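First chain A sits with chain B, and in the next complex the same chain sits with chain C.
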Partner chain A sequence: MKIRTEQFVEIAREEMKNTRSKAFLGLLPPVINAMRQISLATFPDPDAAQAYGAAIRGEVVTRLPELLEEFERNATARGTKVVWARTAAEANAFVLDLAKKKGVAYVTKGKSMLSEEIGLNDALIDNGVDAIETDLGEFIIQLLKRPPFHLIGPAVNIAVEEVRDLFMEKGILAEPTEDPVALGYAARLHLRDKFHRLEMGVTGVNMAVAETGTIVNVENEGNIRFAKSSPRTQVSIMSLEKVVPTMADALHMIRLLCRNGTGQKMASYISFDTGPRAAGAIDGPEEVYCVIVDNGRADLYDDPVARDVFRCIRCGACANICPVYTKIGGYPYGWAYTGPMGQLLNPLLLGFSGTSDLFRACTLCGVCKSVCPAGVDHPRMFLYYRARDAAGDPKLRSRGRPLKERTLYDLFAWGATHPRLWRQGAKRMRPRVNRDARDGYLSRSVDSLDGWFRSRDLPEMAEKTFQERWKEREGRKANA
Partner chain B sequence: MPYAAREDVLGKLKKTDRRGETPSRPPLPPLTELGWGTEQLIEKFTENLVLQTGVVHRVADRAGALEKLTEIARAEGWKAVMIATDEVLAPLDLAAWGRANGVEVLKAADFTGRDAFKDAVFDQVDAGITGVDWAVAESGTVALVHDERQPRLVSLAPILHVVVVPVDRILPVYEQAVERILAARGGMPAHMTLITGPSMTADIQATPFKGMHGPRRVIALLIG
Partner chain C sequence: MRRVSLFVPCLVDLFLPEIGEAAVALLSRLGVEVVYHEAQTCCGQPAINAGYLPQARKVARHFLKVFGEDEAIVSPAGSCVVTVKRHYPELFADEPDWLARAESLAPRVYELSQYLVDVLGVEDVGATFGGKIAYHEACHVLRGLGVSEQPKKLIRAVAGAELVPLNAADACCGFGGEFSLHYPDISEVLVAEKAANFINSQADALVLCEPGCFLNISGYLHRHHPEKKVFHLATLLAGNGKGVRA
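Up next is the complex of A and B:
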């Protein structure tokens, strides 16, 4: 996948002119969030349920290495082949090599954000193994060669007319129609044969249960179940934070994932794999591979603030309610992850250089944090990112801020820590600054700070500073 | 894949000192469902499944279930069905029922292997019929353990899934179903599914519809 995080502002500006996307995005907060609220209300104490989810994920983050080892031990004991990959390239090479060894012409893909992150499809397709996305939304954007618009509904913004033309062009649709249901059924028919003849299925992982060595997938369409039922070989790829301690924890997180993600009480299908098929079973995989992918995460683990992103369960609730996402949609985030989680994950995984607009495009309103079932404190993290970026932290691959900005703030800091200079400076600056004031407010800059003033005003400088007024007051008291 | 990858990744994770950092768990959040009585469990299971467009018929006994099945077979014009041979379906003797009603009743054991079985379950049957291991009232969900008797594709590939649920198998919440499965098998089975209504999607313009890749309809026969 092409990384376009650097064009955040440009793409956001374009997308805000897109009336179709805007109409859809306008519906997100009222509709999806209402569904989320209603489904959460089925808990006798929704806040306690969310808090328990946050506690589970917090525990996962602190116990990560031991939980991974426990998962590996139990999964291996049941016959799952656990494979570790340090990088995207290692993960892709493993899957490609396996597909070649098995001699398969194609694999079907269940929706997996990790596979977008590591670029698995391209790695397979460029080397002669077709990778067919089978989630309806992913299927459409793969054909259109577009990035995901939304975590759960990657193609939900695409016009029916565009889907119709696409399906006609690809021979998926016999008669043109604009009925979304008929379009969906056409995709069903097209993909059904792929499932029927499938020899190797590739899926993501929603949870990996340490206690039992079980892989869990949550879905509505059934494409993941096909990938786990029809072929002889199943490959499930997971980023290393997907592990949870116990089966009871997994069930609680499933309740939260469904409610927070799609406003459902329960998704249509939850499937649990503990090793390959049972002895004597006629379908199901003879071999199950679980690829645990690091791709830069382990390097971040000793950062006690940054590692909190590993709490995320990819439900997308933060995006559905974010005042920024619901104006600009998913494209500006420029990579696999969209919305507030994209603002946190993309910079960490890609490095701050080239992604710093992402964590600045936020007013710190905190609504993301308020809906998160995993206890991610987004605003705290955004502030932390900004501070580390200002410091030019090489570990987070920050190249620091532009010279002009740095110089300005250095000057400000120097002045602000020298009281006498500050007082004199204020006195001298006042007439110059206030010359531009209108009705008591400054709305453009004396110098080249126009960017700052684009969305902000400053009150004009007061006639007297606080210090001066205080002195006068004390003087009056003394005279009285 | 080099073995070094595992050592590298775990090594990096382990070198971080996290002692004393594991937060304590708050008390387990309450679940209303745990207080439900038998009739309420049946009612809630039905209500939740119907919300997902499931059709629920309640019959008194096995004879009633076979009668209902005949009715459905006629209305749907079934020629052939694929069945599981789990412990709920086995006593119904669906083979005999099929012979009496002119429906070809197929099962995994009739096929030489995976490919022949797949050809039939994908293209030659009008419905898949399964029992359940357990059912969960919380969300109108059925829990299936997949093995020799319960092939994965029976409840997935045909356009219609008929699921037979003895009412004494309806439990309040998922945890209880999983506990019973773990106890009966001494661990997690190779494959287990929780199925709630038909396959669905809302990926084109957020328009929801049933029957994306799996069954378009689910009919539950409650016995008891």
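Up next is the complex of A and C:
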């Protein structure tokens, strides 16, 4: 998938003018947030439920290597073939090779963010194996060749008219209609046919249960269940943080995932699959593969702050409430993951150089952290990223910051530790800053502050600082 | 007599000294002796937010030296209080001596409304205001310090004031320090929405506890809706209402 993280500012600007995106963003996030609140309130103690989720995810991060080994052992014992892929290329090559070996013309896909991350569809299609997305939203954006707009609603911003025209053009729809039910039905008929003759299905993983070797998928359309149950060969791809210790943990995280993601107490389909078809069973795949993808994660595991990103369960609650995401939508994030969690994950996986807007375009308001069911402290992590970036950390592939900026902060620190010079500096700046003041306000740019003055005025620097006023007051008191 | 050390953040010192004076007047009226250390400068928050931690550490050490002996430090700026309370201990994770000083200072630092309500136990400070007030829940005050009821209690107790609901009161106003400079397009949309919610609330004044949000929201209103007033809580409670350039 094309990386456009460097165009964050430009794409954000376009999107804030895009009436369609604006209308959607004004409408849906508030509704989802309200539904989230209502569904969370069905817990006897919602805060405790969220904190329990954070504790589970904290345990996962701490015990990640041993949990993965435990999962491999138990999954293997139940007949799943566990494959480790160090890189995106290795993962893609494995799936492609398997498809070639099985001689399949196409595979169906269940919605998987990891698949976007590693670019699996392109890897298959470019090598003669068609990859057909079966989640309605993913199906639409695949046909449109667009990136996902939202973590769990990749095509939520696409107008129904656009879907109509697209389906007509692709021969999915016989008669033009804007009826969403009819459009959904047309897509279903089209995809159902693919499932009927399915040889190989590829899906993502919501959770992999270490103690049982079970793979859990949460969805609302039933397409993943199809993709998992109807082919002869079933492949689940997961990034390595998807593991959870026990089935009890998985059940709690599912309850949180549904509530935080879509405001549902439970998604329409939750599948628990442990291994291939058992002897004597009437359905299920003959072979099940689980590809566990690292793609740069293991290298981050030694970093005690950065690795907290592995807590994330991809519910998208942070995006739905983020002041920035709800104004700019998903496209500016420029890659697989959108919203605050994308601001954390994309830079780690792609490297800091070229992604620094993602962790800087944040007001540190902390609302993401306040809704996160996995205990991610986004603002703390953004500050950490900025610090590592300012330090030019090569491990995080940072190129460092401009010398001019560093000099500015050196000067700031020097001034702030020399109170007398700090005062003198302020005094000397005052006439220059206040040069263009009118009625106590500045409206025109001063030095490098044009961003501010585009939409705002600023009070002029006070004739006397608080300190000067205090000194005068103390002087008067002494004389009285 | 209670005594507090006033921590006047740089934005207040340089641009909004009336807020600092209001805090002094208010505390004095409540029988609190106010001390002000003239060696104070900035808490270092801008450097922390930009990622310049070695520079921030220097500034933090200066702050700890200046305020280290105070029993109670009070500031009319939620985010600066968060910086000292939460970020200082993180800054000095690898310097045990300074970490001890930062950890010892953290519980002695209070945001103004927090000090008035939680420590002094005061709600009615004897202020008056004729009109409706909407309260903006500044991010660092609300989510950084967990302070929300305190300012509202103080506002409700102001004679003649009516606290009215503000839609999306807890949504960020789009300031975010350097965010407002580097991402002005996004920042503008956020502050415009905050202003619209304030206007729709029909309130006569918007009240808040954070100088950054104050500059952002009042700066936007000054350009687009100059008749609309923003007050820092300290100014409202000091009860003079004068000298506020909103």
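The criterion applied here is as follows: the second predicted complex is superposed on the first by the 407 of 480 C-alpha atoms of A that agree within 3 Å, B and C clash if a C-alpha of one lies under 4 Å from a C-alpha of the other, contacts with A are read in each partner's own complex, and residues count from 1 in each chain.
The definition used in the following text is that contacts are C-beta pairs under 8 Å (C-beta built on N, C-alpha and C of every residue); 3 or more make two chains touch, one makes a residue touch a chain.
Predicted model only: the values in this text are computed from it and were never measured.
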item	value
Greater chain A contact set [chain C / chain B]	B
Chain B versus chain C as contact partner of A:269, first or second or both or neither	first
Partner chain in contact with A:199 - chain B first, chain C second, else both or neither	neither
Touched partner set for A:362, first chain B, second chain C, both or neither	second
Partner chain in contact with A:393 - chain B first, chain C second, else both or neither	neither
Chain B versus chain C as contact partner of A:13, first or second or both or neither	second
First (chain B), second (chain C), both or neither touched by A:130	neither
First (chain B), second (chain C), both or neither touched by A:377	neither
Complex contact set, residues of chain C against chain A	8, 12-17, 20-21, 24, 36, 38-42, 44, 46-56, 58-59, 61-62, 87, 90, 139-140, 143-144, 170-172, 174-177, 179-192, 215-216, 218-220, 222-224, 245
Touching residues (chain side chain A, partner chain B) in the complex	24, 27, 42-45, 48-49, 51-52, 55-56, 58-59, 62-65, 68-69, 78, 83-86, 90, 94, 134-137, 140, 153-156, 158-160, 163, 180-181, 183-185, 188, 191-192, 195-196, 212-214, 220-223, 225-226, 228-230, 232, 240, 247-248, 251-252, 254, 262, 265-284, 292, 294, 298-299, 301-302
Residues of chain B defined as touching chain A within the complex	1, 5-6, 8-10, 12-16, 18, 21-32, 48, 52, 108, 111, 113-114, 117-119, 122-123, 138-141, 146-148, 151-153, 156-157, 174-175, 178, 182, 187-207, 209, 211-215
Contacting residues of chain A [partner chain C, same complex]	9, 12-13, 16, 323-324, 327-328, 360-367, 369-370, 380, 383, 385-391, 401, 405-406, 409-410, 412-417, 419, 422, 426, 440-441, 443, 448-452, 454-462, 464-467, 469-471
